[in-house]
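Here the structure comes first, spelled out in structure tokens, and everything after it is commentary.
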Amino acid sequence: MVLVNLILILLLGGVVAAVSERVSSTTPRQVALLVIVLAFLYLVSELSGLDSLNQLQPSTPNDPNSWLIHFKASWIPAFGISIEFALDGLSLLMVLLTLVLGAIAVSASWTDITERHGFFEANLLWTIAGVLGVFMALDLFLFFLFWEVMLIPMYFLIAIWGHENRGYAAMKFFIFTQASGLLMLVATLALVAVYRDSMGHYSFSYFDLLNTPMAKNTAWWLMLGFFVAFVVKLPGFPFHTWLPDAHTQAPTAGSVILAGILLKTGAYGLIRFTVPLFPDAALEFSNVALTLGVAGIIYGAVLAFGQTDFKRLVAYSSVSHMGFILLGVYAWNELALQGAVMQMVAHGFSTAALFMIAGSLQERLHTREMPKMSGLWQSMPRMGAMAMFFVLASLGLPGLGNFVAEFLVLLGLFQVNPWLTVLASMGLITGAIYSLMLMQRSFQGEPNPQLETKTLTDFGSRELLTMAVMVIALVVLGIYPQPVLDIAQMTIASTLKFGLPGAMP
Amino acid sequence: MNELAVPLNHLLFLSGLLFSIGMLGVMIRRNIIFILMSIEVMLNACALAFVGAGAHWGQPDGQVMYVMILSIAAAEVAVGLGLVLQIQRRFKTLDMDQANRMRG
Amino acid sequence: MTLSKLIALAPILILSITIIVLVLHASLKRDHKSAWYVSALGLLITIWGSYYASGYAQQVTVLLKVDNWGLLFSALIVVSTLTTLAISRDVFLAEGNRKEEYYLLILLSTLGAIVLCQSSHIVSLLLGMELMGIAVYAMIAFPEEDALPLEASIKYLILSACASAMLLFGFALLYAATGDLSYAGIGSKVASAYESNPMLVVAGTAMVLSGIGFKLSLVPFHMWTPDVYEGAPTPVTNFLATVSKGAMFVALTRLFLDGKFYQFPSLIVALTLISVASMLVGNLLALRQENVKRLLAYSSIAHFGYLLMVIVGFSSLKETGEILNLGRDALTFYLAAYILSTLAAIAVVANVVGEKTAHIEAFTGLFWKQPLQAAALMVAMLSFAGIPLTAGFMGKFYLITLGLDAGLWLLLSGLIIGSAIGIYYYLRLIFAMSSPLGDPSVVPSKHSLSWRDALAFVLLLSVLYMGSWPQPFIDFAGV
Amino acid sequence: MTDYIWLIPILPLISSITLMLGSAYLGRSVIATLGVGSVGLAAVLTGALAYNFLHAPEPIHVVYWTWMQVGQFDPSIAFYFDGLTLVMMSVITGVGFLIHLFSSEFMEHDNSYARYFAYLNMFVAAMLILVLADNLLLMYLGWEGVGTCSYLLVGFWYQHSANGRAARKAFIVTRIGDTAMAIGLLVLFTELGTLNIQDLVAAAQAKWQVGDVIPLLICVLLLAGAAGKSAQLPLHTWLPDAMAGPTPVSALIHAATMVTAGVYLIARTHGLFLLSPDAMTVVAVVGLLTSLVAAFTALAQHDIKRILAYSTISQIGYMFLALGVGAWTAGVFHLMTHAFFKALLFLGSGAIIHCLHHEHDIFKMGGLRSRMPVTFWSFLIGSAALAALPLTSGFFSKDLILLQAYQQANIGPLLWVGGLGGALLTAIYSFRLVFIVFFGHANTSPDREIGWRMAIPLILLCALSLIGGYFSLPVEKVFPIDDNQHPDQWVELVSISIPIFGVFLAYLLFLGRQLDPGFLIESASGRWLKQFWYSGWKIDRLYDLALVNPYYWIATIARNEPVDKFYQSIVITNQTLNAALSKMQTGRMRGYIVSMVIGLIGFLGLSLFFVAGAV
Amino acid sequence: MLETTIFYISAAVALAATILAMTRTNAIHALIYLIVSLLAIAVIFFVVGAPFAAALEVVIYAGAIMVLFVFVIMMLNLGEEGDARERKWLEPSIWIGPATLSVVLLIELIFLIGSVEGQVSQGVVSAKMVGISLFGPYVLAVELASMLLLAGMVGAFHLGRRLLEKRA
């Protein structure tokens, strides 16, 4: 019941936030922050009691009671659909990341929303509730439900509060994910049909569907359905074109949530569903996926370098970082998977920060075009310092979270396909090139005469506090990542046995 | 009356012929009254086919069907002509091609 | 006509009595409001009647076969008529002069629809269809002064007359081949008739298919739909989209199943072609449509393209009976979901736009002007698009399961491409509604919860309820 | 004694963080004391550590916590301290302290004083971590940290975008080397299963014989990493541009510490290099070629700092040469002495620039001998050590390298001759600098005198440059004992006399003007040659044409998302279909009837086709 | 033998009359030809052995419906200029397309119906037999037909009412 309460808190919180606009235009954001903190404390209090978490005992995917929390209530018995939530190491990490980034998103949009504050905060909370649902749902029908439903509030965030070209961007974002989601729906139903043929009864539960015997090429097609849906969301190389538009047009909080959490649902889906459900099909497909991953890294980096729009550059950097996750998942050994999970967490923080900076820049300069804003360090030293820190984090400076993730992924991948690893490590160089270009074009260089420096206010205390949270998180992830690795280990150790026979156990 | 030696398909040929003529009329004519007349011809062709089939099988169903078709035709003509009158009063013309305000 | 047979015919009888009462009422006192109440009351009793008759399911004379499935849809049709009545309340009340023929026509048409739902014989099919049709011609042209309704009505009359002629000629050929007019009779004799003279049977089915294709506005015969939907007054559009199409599809299913038409490969190929064409053309036509009524017309073409998938599915499912009722459930669920969503959508269009042209501009910023109406329209649109938690999604869920079991790969890919295109124009409407109008400061006026909002809210809840908690509906439909 | 070893790198780190956070609230003097003091304290602690290490010379290994533990991969945050680390630490903290003291005055009037010291301290901390790390991953952390700090410091005056570009170039070129090194790490871990230096060297010797392919691959990758950081031939183009930073930065980073990290890496992993002789020859050849190329380029430079930069590249070339021939001690010894005299030269040039209000071109200076005596004498001693004149520390270390190079197995003499050529050129360009800047008629006049905080470091470094030669490095346990039997007498004699001859030649060319080089420069080929050398053998131009411009070109072309064209095409096809279909909705009923009839004909035709086919 | 010849004669008459009805420009002439064609079909009904249907055809179809048409045409008094306009509307360019379509339709129907064998008449189906089946199994159909006619009437009444008020 814990998990259902968690989602309910956020949903009702959204309603309260929407209504609270009647009180005054500032209460909704306080309500939103309060709701998220409340949800966080509730979860932590529930989990601290769990001894299975303290001893970090592994949770085998196909037996539900080895998971941290497991809840099942029947919903549509005619099709064996049940409301089934469960939490294990991987989803716990993702849930905590979602809540933390949710709080950061709320604080990121403290001042830059001018109209309909209540409805904005409500949409924010509902998106977070949707994402929590995605991370915790283990009934494929329920998973698909949350997968689609989380899009709607996100669509509104972009469509109503977005910038000049929001209609097109929101539409593109929605259609990309929804159409690929449809593919996943067909794949899920085909999987359930195969399960019914062999087992005689319908069931949508992840635990039953895990080892359904099926013919080789059906498995291949179904895996492809899931793979496309998750790679579109990831975003993987050829399906990523929605991301830059969605990011540049989304409001600050929207981008923070979109980059920080929504992209991770794609990665989570790959680890949880695509490979364990169709292990041998994934093995055959791994070479294609790996090449897509590397292509994503290099393509994202080259395009990021070419951008003149601050947010668009950061968006392409996300495409590049997500390429590492694709590599990590499809190398499918312990090192690579840990690297992928770590990248999901570290990337969440580093891109959220960069988008916050982009948002505050837009709030102050009313433009995202880098040619219009050089030499900002002069007038905004604190923002410049923060930007430098997170740029260094995003290019993978050792001692920060991203490096640990990228190194683990490369290490894991090397044992599977050395030559591809060499190509992927090009990403480190190209990553450095665009990151430093970002700093050079916006914060360094001769101060732009058009910007009358006196109006540019530097970071306030609220912004610094939010940034500090992310700085500490990244440094701790870089220096002492063991707690995160142990929690992820609980899932990865057992999921590995289900996946394709990776080189390293 | 019983030594009628007309093969069924000749009768169906006739009704088919009438049906296509009626269809042609609907397509060609632009005056609504002529279109309604063509529709009557088509309905009559169907009636003929039904009666012929009924006779072929020696069942009264054919003629029951005829009665139903009759009532349908009557009702249709009633409403149709009512509409024709309204259109004549409203548009001052009976040309069907004038009625193309809604498109796209 | 034993008592149990009469009870089985309860819905039809109650409705006929209401019609007669209405006629008498018209002769006594020409009051508009009381006519509305009488017809509403009559319809409510009919619903109760159809529930009561479900205990007496049997074949009543050769014409009607009363079974739960038919009664369910009769109830649904009556509900749709009630909603149409609710919407048309202020459309005609405003005109002041005596207009109660409108309610008479609506009831007659509903009667035709119910007969159609329960018909098991060509004569009852024909009569039901024509009764429904004739009443609708006059309803479309009800505001006889302005031009569009007249144009729509004459077009609909002529085209539907042609379609009926085709249908009749098809049935004539079938009758000539099989010698029996009831579905069951045809079903038993059609196989043998196919051996003796295949040409006749196949030609007959082809012509029947074209006739029915017109009524369901499937692709080659779809051209009338947008003009009639736009021309007719909004309540009548609602009636056309839900009652006339719904009843016709139920009749097609009965004809197809009892008449065992699924044996003919030519028919299945034709149906597949129509279905794919309707899916794609329907969605493509609606892509950049500015007028919301025309948009709903095109989307209904697409939706009946999806629904046809079930009929094609029957042909491959005929062997295993168990999956047969999966097909029936899928059909019931999708049709019910479609009807509910259309009711919600057109109710909101009527509330917001009334009789003015339903251009998309009228809906900009609706979220901020009338939030409840906007929410109902949004849920209806999402249900059409097939987003989870709405009835439309459960419908699509059923369709895909059926498509996978029956192996209709072409239709499945058509469904996916169609709904991918579909999202665009459904979202376009939602985007228009959510785009901020000039002054964001206008806080929605706190007018009292008028019955229009109540109607929209009820429809919104029903679409969401059916989507999020389908189990009771599945049990009821599956019975 | 070993428990406070973690304090040495942490002190500069803490001071750097405090400076970053509190930059707005601290006064100038507090910043200076904090910045300089922290490195000073670290130097004192290193001294204490050195003191008891010399008495009990066994390596210290302290483990703090496991950095990350995934399956078999468990690098830990741990320090390993032995003779080699001691030498490096003493150089870093010692020379580092002097440079900090120097820059406290040099940067006196700069408005972001705190930010400067924050970066400088961060750099020292990173370098210390690099040197103290017991496993390659922690060393990689230090490695990248040092690279980042060099980026921040070179681009310190970010107001001019040229400095920003130079900083970016430095970071990216070193980053290419680091990536190669990272790949080396990946190969090492996959092959040997550990990154701990001591274990992996032992495991490597157990697993492979001399001359295997994989050690060669690993060593080449590590060499690439070292070449990137130590600005050796393929990846050396960034160092001259890195002169855009403040001069003390160049002194600390681009002379004493960072550039020697590559040498330390190879020295630390010499066990691996011993396994593949041809890798060592590669190192030697790279070293030699770099030293010659850099020497020639230095000869043609005008900017005082660029001459010193190229001379650094050349001297590190010598260290690589030493490592290549297996003379580990000689290499490290030269590293230490080079740190002393090159830091001295850089600080000297810093003093000159400081006093001649930022004048860099040597031909605009002249006759500073009388006006700036301290700087003149420090420059003189520095250049002497650089040219390896007898009695200076440079003489001992360079001589050792040349002798060892001579004895190398197959191409020994060739290396020796190359080395001699390099030594000759070094002598020429170092004394060219001295004669042009300090002798001849005075063009400009210094407007101010250097304070005590700049003078003391110069004096101390002069002393170290002179007596540096006599230190004996406590590294006998680290490296295998090299049996340096003496080559025959004439080899020693020649290697001693060449530098003296070089100085004399420089005197003729630049001071006495007797040997007028005019005819050489005026001739067409001469001018082309001078231009060729000036532009660093056109390598920079080559990289621009081959790599940089194509990358820019691709980025600008791909800016607006070529993959999106595919999705746009789908949208366009939809829209054209929509247009076509809605054109068919003409509103005229005749069209509708015709489409119905066509539909009817189609189905009848279809059924005809089926039935005719079937019957 | 006589009946067969009568059948073919009346078929020919029906066909000719319908074609002429379709092509006349004057509404009244077309109407008259249509009535002739209906009478010919009534004869066929009679010959085929459906006397009741024949009677209905004459009385209701030719009698009532066609007369209704005449009323409407008279009311609209299309007159001469109507004829000229009709002729203009009938140039070849308009009816060539639909004509080819209906010819194709005809050929298809002939092909499809061609293969049917079996004689038409199995003896007379008297009015009595039709009456019995009408009020036997089809009793509901009759009721529904009445509802249908009611709908037609109400529809016609609604559409016509405004006219009467204007006129009166």
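Going in written order, the chains are labelled A, B, C, D and E, and every chain counts its residues from 1.
Methods note: a residue touches a chain if its C-beta (ideal position, glycine included) is under 8 Å from a C-beta of that chain, and two chains touch if they have at least 3 such contacts.
For clarity, every value in this text was computed on a predicted model and none was experimentally measured.
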Report summary line: Neighbours of subunit E that also touch subunit D are B, C
**Report entry** Steps in the shortest chain-to-chain touch route ending at subunit E and beginning at subunit A
**Finding:** 2
Query raised in the report: Which chain has its Cα centroid closest to the overall Cα centroid?
Result: A
**Report entry** Chain whose mean Cα position lies farthest from subunit A
**Finding:** E
Query raised in the report: Relative to subunit B, which chain has the most distant C-alpha mean position?
Result: D
Query - Pair of chains with maximal C-beta contact number - result: B-E
Report summary line: Distance between the CA centroids of subunit C and subunit E (whole Å) is 32
**Report entry** Rounded Å distance, subunit A centre to subunit B centre (Cα mean)
**Finding:** 66
Report task. Would you kindly tell me how far, in whole Å, the mean C-alpha position of subunit C lies from that of subunit A? Result -> 43
Query - subunit B and subunit E: spacing of chain centres that average the CA atoms, whole Å - result: 6
Report task. Send over the residues of subunit A in touch with two or more other chains. Result -> none
Query raised in the report: What parts of subunit B, by residue number, touch at least two of the other chains?
Result: 8, 12, 16, 19, 22-23, 26-27, 30, 36, 52, 54, 56-57, 59, 61-62, 64, 68, 72, 75-76, 79, 82-84, 86, 96, 99, 101-104
Report summary line: Residue numbers in subunit E touching two or more further chains are 97-98, 101-102, 105, 108-109, 111-117, 138, 141, 145, 148, 151-152, 155-156, 158-159, 162
Report task. State which pairs of chains touch, listing all of them. Result -> A-C, A-D, B-C, B-D, B-E, C-D, C-E, D-E
Report summary line: Residue set of subunit C touching subunit A in the complex reads 368, 382, 385-389, 393, 396-397, 400-401, 404-405, 412, 416, 419-420, 423-424, 427-428, 430-431, 434-436, 440, 469-471, 474-475, 478
Report task. Note which residues of subunit E are touching subunit D in the complex, please. Result -> 97-98, 101-102, 104-105, 108-109, 111-112
Report task. Using the touch rule from the top, collect the residues of subunit C that touch subunit E in their complex. Result -> 1, 9, 16, 19, 23, 60-64, 101, 104-105, 108-109, 111-112, 115, 123-124, 127-128, 130-131, 134-135, 137-138, 141-142, 144, 173, 176-177, 197-200, 202-203
Report summary line: subunit C residues touching subunit D in their complex are 154-155, 158-159, 162-163, 166, 198-199, 202-203, 205-207, 209-210, 213-214, 219-221, 223-224, 226-227, 264-267, 269-270, 273, 281, 284-285, 287-289, 421
Query - Complex contacts: residues of subunit D adjacent to subunit B - result: 582, 585-590, 593-594, 597
